[in-house]
Amino acid sequence: MKITTELVDYISELSRLSLPKEEKAAMTAQLERIVGYMDVLDRLDTAGVEPMSHVFPLKNVLREDEVVPSQDRAELLAGAPAPDPEAFLVPKAVE
Amino acid sequence: MNELMNLTALELGAAIKRGDVSIPEVTALALNAVECAPHNAFITFTPEQALRRAEALQRGLRDAVSPLYGVPMGIKDNICTQGIKTSCASRILGDFAPPYEATATARLAAAGGLSIGKTNMDEFAMGSTTETSFYGPVKNPWDLTRVPGGSSGGSAAAVAARACWYAIGSDTGGSIRQPASYCGVTGVKPTYGTVSRYGLIAYASSLDQIGPLARDASDCAAILDVLQGKDPHDGTSLDGQYGHLLEGLTGDVRGLRIGVPTDCFGDGLDGQVRKAVLAVADVLKARGAEVVELSFPVMEYVVPTYYIIAAAEASSNLSRFDGVKYGWRAGGYDGLTDLYNRTRTEGFGMEVKRRILLGTFVLSSGYYDAYYRKALQVKAIIKEAFDKAFQSCDLLLTPVAPTTAPKLGESLSDPLQMYLSDVYTVSVNLAGLPGLSMPCGFDGNGLPIGAQLIGPHFGEGRLLNAAHAFQLDTDWHKRAPCGSSSAACGGAHPSPSVPAEKAYKEGGILA
Amino acid sequence: MTWETVIGLETHVELATKTKIFCSCTTAFGGDPNTHCCPVCTGMPGTLPVLNKKVLEFAVKAGLALNCAITRRTKFDRKNYFYPDLPKAYQISQLYLPICRDGRVDIGGGKTVRVHELHMEEDAGKLVHDPWIDQTRADYNRCGVPLIEIVTEPDFRTADEVIAYLEKLKEALTYLGVSDCKMQEGSLRCDVNLSVRPAGSDTLGTRTEMKNLSSFKAIARAIDYEAKRQIELITEGKRVVQETRRWDENKDATYAMRSKENAQDYRYFPEPDIPPVELSEEYLDALRAAQPELAGAKRVRYQADYALPEYDCQMLTSDPALAAFFEATVALGAPPKQAANWIMGEVLAALSARAMEPKNMPLTPPTLARLIALVTGGKLNRNTAVKVFEAVFDADGDVDAYVKAHGLEQIDDAALVEDVVDRILSANPKSVEDYRSGKEKAFGFLVGQVMRELKGKADPKTVNELLRSKLS
């Protein structure tokens, strides 16, 4: 599989990463090598194999609907990079 | 005093309990050892908290129940500790001090655990060398020009250097076992779901598991007895019969069937490593175990499967680091998208960005089926291969890594090569199995070699007992690196403290 | 040319659970910003979701009411996108195995709407822009409030059909108790997918999606506006662009939000933190058996069993708590029509005066039933009963104790009443004369005098009859 610059641009945009030019070139080459190696999986016939997302037959892990007091707001906001006593602040994000 | 640093955690715990030594005394020893050590094993070092905690624990000693009560330890820096900086060795988390405590460390605290700090690691646990840390690489105590392995390299180095008696790490694809191997300590990646992941900053949620790194199998058993347990805050946590691992260490391995997968001893494996690992089988055989050869025909698929799944989950798990809620935010941004882009581009290191991009790629529209879905199918096949193997044996013996610790700076230039070195460890995570790494020899450079034991689900007891049996007859695990805070100098020289008849004779290979 | 409008709906309904879908924070509406939050719902690293049992139950109940097939093995998936109202940068939702599929809703007039799927997911937070600091504040109180999203097939042709469906949906969900469906609080939100095509065509035109529709009225107006806009575009030879449009209530118009052509690549994949959910036949049977009777069925039954007029049935079933109150009152022996009159009259008036919802009413059915029994048993007259009702409503007071304490019992001692009547007649010869000479007004005066003497506690009917017989 050929990893093009366009593809790297596309996945970078989805990932909210903007690699500088030199980094991008190196990354493209590395990804091509890695993805190329992954194509080894094509050798394995997986027709009819159910994809396994959970390795254990664990199921129905549920919680009771009982309120537990929320965390102190000041504690939740303490680590926010842009301080505000009530909320997390971001640049304009309302349509 | 140095003798104390050479004790196992359980031996030290017993000495504390007897009153031979006080908790503040041993804490001061550990703090001093960390301060003098050149390994960069800790990101956040908390001497004041540790000493305060030591005083408090000493006052409560009379009621102590746990055999680990008051024994100083280190915690990998991807495990949340309330009010104490938890960085994942990444710039992007800044000085993040979580307003909550991980279940695993809360359980340790309830058993009288005493942390001296947060150990260094590969950024977000992505790496096999602890060189991707924003806080600089960790050096291997056996050879300061070499890596300690990763990602729990700080935890492994701290234990090996006798800077603390045990440490907690996490293992997503070998991150406890491989550094344990490179640093000559014993480490366990438990069955998935037996140790709560609540508070472990996720790399790959379906593979991550917290576990111990310590001086020997007994210490690991005692630590796991504290760590394991069902947690209502972790939906993937399992019910089980926990807390009996230490009492199960009899050293009796008669009739135990040790499977040796021939596919794990072929090309690419260093000859000295091969020899030392196969010699483990001989020691166990001498104690009455059976050794069976078997095939494990999926080895060539495990690395790609692992990296597809781990990267996919990582790309999603690491999206929350965006400079809004916690951690570090880039400056000079113009608008929301630019804030995200700058913070993430400048906040993550290259290896993390590589895995985020890889994960985004395998999940993206048009590639999902060919890569991610395919990997989930192969995962099912790998799991099946293990199920089949465990029909003919009770546990598997394999190498941990193809070589001993490489030189600093050798690995990162070729990421694919680094990924391939995870070939013996990643399948264990894919199948959710328990895996143990223990010292089984040294190479010509005086570097430790590790052997891996793999068990079926909930097979920790079996693994630990086999390792314990091995450690009863060998002394590799007792060697300490030169320049460590203990007196004994290890390397290839056998420790005089071990009776000669019990010392393992080199040279045995599997027939 | 005549045009046909084709509409499909995506409705998000907040479930009326006490706690959020994946953590134990309250779902209460309002609250100061970020005070209903914890490390889990603010997406702190290392935290994990654990599914609320009630969310599953409510989603299944809703699915059963919409005649859906219930997925026996259901899973959650992650939908990945960056936006500041989504602290984890992924929404836990369901793509591959939604809990319910293939339902249908009869919206009256012989029309059935097909439900494509119903899935569970978490709500996002709220963003409020502060122009003073030119920054947006993110409030995560709503993050993790459980939602079901109900997606219909494009089966609607008119705004009326859409409204009929939504009324039906709202009625069913409030009856089930799975949601309060308050559009003004955002607990029922609707996105409208709309396209137009020449009547008779069986291919679909390019659709637009309309968001921010916060009332049934807005939905109806937006549909009319958008259909007209699309028809005009096509008629002028222009092209409809597939896009998301926002309804501006003030301008009565829609405008483009973000183009769907750069469709987001959400990179859905199975949520590794939540094990699958398997629903047993017993679990489903128990929920089926516990499904309450919905409004439509109740109306039919009230007409049949209680012979109530259609208007009464409609009023009583307009709210599930009101209907339950009515049924409980009747079950305690109150005549249905009387119970209905009290509820539609005094009860609704009292609630309205207090701006109170029926489900929060302090008055209980035994109290109203007792009041009605006293009236029908002749122990209390209707007017006095209304006063007693007002007095006991707020604290669900004891009717008998109140009547006794205030001496309000109706006098049914015939001898006493006759004695008073005789005294009034002899004390008012002029009025007696007037009445006998045909002045009906004098009769009223005499009744009033008797009632006054008896402090209003006599049955007016008895007094009337006695007076007439004495005067004749």
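The first chain written gets the first letter, and so on, giving A, B and C; residue counts start at 1 in each chain.
The definition used in the following text is that a contact is a pair of C-beta atoms (placed from the backbone, for glycine too) under 8 Å apart; a residue touches a chain by one contact, two chains touch by 3 or more.
Because the structure is a prediction, the values reported are computed rather than measured.
With respect to chain B, maximal separation of chain centres occurs for C (centres as means of Cα atoms).
No other pair of chains shares as many C-beta contacts as A-B. The chain occupying the central position, as judged from C-alpha centroids, is A. Mean C-alpha position of chain A lies 40 Å from that of chain C. With centres defined as mean CA coordinates, chain B is found 24 Å away from chain A. Work out the mean CA point of chain B and of chain C, and you get 56 Å between them.
Across the assembly, chain B contributes 96, 99-100, 206, 232, 235-236, 315, 319, 322, 324-326, 336, 340, 360, 364, 376 as residues in contact with two or more other chains. The set of chain A residues touching two or more other chains comprises 14, 16, 53-54, 56, 58, 61, 63, 71, 76, 82, 88, 90-93. The set of chain C residues touching two or more other chains comprises 39, 42, 44, 50-51, 80, 82, 84, 138, 265, 267, 270, 272, 274-275.
Residues of chain C that touch chain A in their complex: 17-19, 24-26, 32-39, 42, 44, 50-56, 75, 80, 82-85, 127-129, 133-140, 246, 257-258, 265, 267, 270, 272, 274-278. Chain B contributes residues 79-80, 86, 88, 93, 96, 98-100, 102, 197-202, 204-206, 232-236, 312-313, 315-316, 319-322, 324-326, 336, 340, 360, 363-365, 368, 372, 376 to its touches with chain C in the complex. Taken together, the chain A residues at the contact with chain C in this complex read 14, 16, 53-54, 56, 58-68, 70-71, 73, 76-77, 82, 84, 86-95. Contacts from chain B toward chain A in the complex involve residues 94-97, 99-100, 192-193, 206, 232, 235-236, 238, 300-301, 303-305, 307-308, 315, 319, 322-329, 333, 335-337, 339-342, 344-345, 348, 350, 353-354, 356-358, 360-361, 364, 371, 373-381, 383, 415-416, 419, 430-432, 457.
Those residues of chain C lying in contact with chain B across their complex are 39, 42-51, 78, 80, 82, 84, 87-90, 138, 265, 267-270, 272-275.
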